[in-house]
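Look at the two complexes coming up: chain A is in both, with chain B in one and chain C in the other.
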Partner chain A sequence: MTLFAQFVLTGIVTGCFLILATIGFSFTRRVEGFLNIAHAELLGVSAFTTWALNKLLGWNIFPSAFVAIVFTAFVGLAIGRIVYDPIRRFGPSVMLITSVGVAYAIGGTMDALIGTGIRTLDIPLASSIRFWGLRITNYQLLVVVLAVVACASLALFLNKSKTGLAIRAMSANPELAASRGIDVQKTSRATWLISSGMAGLAGVMLGVIATLSTDIAFHQILQILAVAILAGLGSLYAVILSGLIVGVAMDVSVFWIPAGYRPLIAFAVVILVLLIRPQGLAGSAQSK
Partner chain B sequence: MIYSLILTTLMFGAMFSVLTVSLNLQYARGGMINFGTVAYFAAGAYAYAIVTQEPPSGLDQYALGLNAPWWIGFIAAGIAAMVFAVITGWPTLRLRGEYLALTTFAFAEVFHSILLNERRIGNGSVGMANVERPDPAVLGLDDTLAYTAAACVLMLLTAWVFHRLLASPYGRLVDATHNDEIAAESVGKNTARVRLQIFVISAIPIGFAGALYAMITTLVAPALFTAEVTFFVWIALALGGERTILGAILGTMALVFFQEAVRMIPFETVRSAQIAASVEEVITGILFIIVLRWQPWDRLARKATT
Partner chain C sequence: MTFRKTMTAAVALSTALATTQPAWAADGVTFGVLVPLTGELGEFGKIVADAVQLGVDEINAAGGTKCGPVSIAVADTGGSAEQAIREANKMIDSEGVVAILGPASGEMVALVDLAKRKKTPMMSPYAGTITLNEIGGDYVYRTVSSDLGDGAASGLWLTEKGYKSVAFLVQNEESTISPAQVAKEAVEAAGIELTDFIVYNPGQPSYQAELISVLSHNPDAIYLAGGQESGVTVLKEAAAGGFEGEWLLTADLAVPEVFETLDPRILNDRAYVEIAEADSSLPEFKAFSQLTMDKTGKAPGPFAANSYDMAMLSAIALEAADACTGEALNAKLRGVTEGGEKVSTFAAAKEAIAAGTDVDYEGASGPLTLDESGTPAGAYMVKKATDGAWVDETFYPASAFE
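On to the complex of A and B.
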């Protein structure tokens, strides 16, 4: 039973990481209206920027992480402006396919610069905290705390600030928002910055709790998709709930089935959700 | 050197063209985004390998090897892809656009994961080596030459069948389903069935191509059938321009030629070869973005008509 509880606990940590990774993706999807496959590559960009600053230049982890997150946010903004803005008129399918090309370009660049092999950050070893026979490392705890802080501040931002409200208006009805005098350009830019910054934060977390290799980003997109699909076009809260569901489901599944099938759980979720409830957990039925 | 480059380009180009042409039918004519192309390809290759492989011995972990002649394996490959298309298409085809893309992608990943983890199918990650294949030496032909010819025949046959299919009244029904579903339904056409038919029909040649791939490489392993194959075919399709069979074929040939040409460059170190491979990936990605953004083929076509 303790073992089972341990799996659930690890699952919650996985879920929190997935929430961090998915928020940006889900955000882009709502405001820009397409599935950005290249989002996961931004996690890689951030993780490897942190690694380069921390390991190669010998910076402390905190400034490295900060610079990496800001850098990733602007990379995301640049890609959004250069690549996605001009093709918006072709519709979400073309944007989705284009994002595969973007993922290729970013992934290839990282491969060329960094090369294969496993990398780790230069940080103290994790120490574990034990309670009721369960174990959690301080870095895992950090992921949970950051996920909570990130979600709370994003919720505040979206509900209280002017830009946040503009973003919500844009995602609900772009034409109406524009006609009410919302600066569409500025709002779109803010969206790219926030969603890419979130990817940057998730990327740093990835570097902290896992070992890095250049193909890591691709493995994340599969799970990000699962969470985003389960959440549907719903709110931030739906993303939080479905992140936890997918995370716990994946880790607890190891209890019954071979660990090799763990990523499969995410896909089983995608397939089941799309077949049974295509609009996701929250959200009403939508057209197409 | 040039000769062998052309020959490999033609061989793999023709084989992948079968995939592109089938995808073209699904996407440009049927309006379905299939991001799981590799699964049907893998289904064909594995079906071929399992049917023709000798029964397991020694360290083999696969459960079934029928040791049948190659042509039975080839037919089985088509059937396997078809069955897989029915299984995956039946529940998913009511989904549209990006949602269909995601489900097919998910199905392909699940399939890949099963091939990787379930050792009784095909030795898990090791795969099955020394896949049986017909020996062209009987006809007095060189190996590469014979398989290049076979790939070209398969490609031409697929292109011809699809061309005939789309030129027929059935082709107009397909276009109607794509262009205006409500209109098609209002004149009594079952659009859901047409979509499934197109999906299944276009999966069959992909299965055949999978069998051919298994013959050429004499190896089937999960590592050969990753999502990269799917993306490769999509990029080829975008490069060649949608809606035309010739465009799909030319796009694939160009992309394969580009990759093979990079592979021909002799590299001193492993690292430089790795960089070249990554740069190739970057260029492929950027090309893809550019083609989708400016859509040069559509413009050319429009210019030609006006």
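On to the complex of A and C.
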């Protein structure tokens, strides 16, 4: 029983990482109206920026992480302005395909700048916290805490701030929002900054818990898509539930079936849920 | 009249093509070096390319082949079979390479059809995949033994070490699963308790879920057959989870960079790595090692001797061949590895061939007698992590597995 509970606990941590990785992706989908496949590569931009500052320049992990998140947010904004804004009129399909190209461009740039091999941050080895026969490392706990803080902050921002309300209005009906005097350009810029900043936060955690290679960030895109699709491709809050379901399902599955099938479980869950609710966990039939 | 004109044009065209086709042969020959220079295996690709260049420099210093001096054309596979096929086509069609050296397991298997169709031999210094045991041989060669040998060496070491219980963590790839199965059979046959045999997918941020069962059984040792990215994460997470046993790692983790990415306490004095390696007591290896030190200031890296031997074998086969083509090279390749006067340098081989003598090349990586699948018998080294470096622990010559 303790072993099973350990799988559930590890699954919650996996789910929290997926929430961090997906929430910005889902946010872009809701406001900008397309699937930004390059989102996963922004995790890599952040992870390697953190690594460069922490390992190469010898900075402490905290300022390294902060600068990396801000830098990633502005990289995302720049890509949004330079690449996606000019092609917005061609529709979401063209933007999606363009985002695949952007992913390759970012990946290629990282290959050229970072080079081969593996990288890790200059941080202490994780230590385990034990309770009731269970075990969680301090870095896993950090992932959980950051996921909770990020989700709560985003919820507060969207519900209480003027820009957040403008973003919600624009995501619901862009034409109506524009006709009511909402600054569409400014709102779009805020969206790119927030979604890319979220990718930056997930990228920092990727650097903390994983071993970095230039292709590890892109490996996360399938699970990000699984969580986003399960959430309903339009709902931000459902991402939290969806991330936890996918994370726990994947990790708990290892209790019964070989670990090699973990990724299959993520999509099996998505297919099962979509058979019952084609609009996703919290999506509506009218959802974009 | 029209027919005659057509025939005349055809003959003229054939003559022109016949004149231009061996143009590279007159100026020398080119070996393609197709290796992963980017991605996780990039470190290995650079070692291979540098060692082939070292071999080519020696060949040219000895006067080059009878087809002229040898040059190399290097391309990056990025670890992708699709990219390998694209680059191989480009090398053959545009640069006229007579052999392609260096692809890793997945790329080699993908290139088998192309090699036979374009009559261009392919050779790998580290493709241990057992798939090549079946489809290798004609146009497809390697200077490293099959993965089954790696598994046998790992199994032998695990049983000799006296562990009571062992867990297996194996990356979900054919090249890691095949040797792990062989090692597992050896462990089970020796009566050692196999606590877990877990196959995991690479590319994950964390492998905690895979480690839960392994750590709960607290085995004496964990056999970890993984890539660098997954392997390092598994090592870190197992240490954080309180694992205090020993490790047997596979070749991908045999690079010095592993020590730069891990807390030394995780590896030092408790981690071992098994790797196909030349017998360092052989004079051929000592000569190669000295040459590498002289030219680069560093000791040979993993698979460097096997890579150097690819260049030597290709050049010697070309020297013995009837023409300066991949097809002619292929016809002689296995022949120069057995049954003649033993030679260990290109200069000696060239001299013997000129005197009409068959040669048997014994390379820096050991005797290279290629069997029908184009594979040599292997020797293996188990190294121990000591003070932040891999230090030789136990050597298993090919005869240990007879």
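FYI, the second predicted complex is superposed on the first by the 275 of 288 C-alpha atoms of A that agree within 3 Å, B and C clash if a C-alpha of one lies under 4 Å from a C-alpha of the other, contacts with A are read in each partner's own complex, and residues count from 1 in each chain.
We take it that a contact is a pair of C-beta atoms (placed from the backbone, for glycine too) under 8 Å apart; a residue touches a chain by one contact, two chains touch by 3 or more.
None of these values were measured; they are calculated from a predicted model.
After superposition onto chain A, the partners chain B and chain C occupy overlapping space and clash.
When the shared chain is aligned, chain B and chain C each come close enough to touch A:263.
Applying the stated contact rule after C-alpha superposition, one finds that A:105 touches chain B and leaves chain C untouched.
By the touch criterion stated above, A:181 is placed in contact with neither chain B nor chain C.
In the superposition on chain A, A:125 makes contact with chain C only, not with chain B.
Legend: residue contacts after superposition of the two complexes on their common chain; A:58 is shown touching neither chain B nor chain C.
Shared-chain residue A:116: touches chain B and chain C both.
Touch criterion met: A:96 reaches chain B, while chain C stays clear of it.
Annotation: chain A residues 111, 115-116, 258, 260, 263 touch chain B in one complex and chain C in the other. Considering their complex, residues 34-35, 83, 86-87, 90, 92-94, 96-98, 100-112, 115-116, 218, 222, 225, 229, 258, 260-261, 263-264, 267-268, 270-271, 274-275, 278, 288 of chain A touch chain B.
If you check the complex, the residues on chain A that touch chain C are 3, 6-7, 10-11, 13-14, 17, 111, 115-120, 125-128, 135, 137, 140, 205-206, 209-216, 219-220, 250-251, 254, 258-260, 262-263.
Chain contact summary for the complex, chain C toward chain A: residues 37-43, 45-46, 78, 172, 198-206, 208-210, 212-213, 216, 228-230, 232-233, 236-237, 239-242, 255, 257, 261-263, 265-266. By the touch criterion stated above, chain B contacts chain A in their complex at residues 33, 91-92, 95-99, 101-103, 105-107, 109-110, 113-114, 116-117, 227, 231, 234-235, 238, 271, 274-275, 277-289, 292-293.
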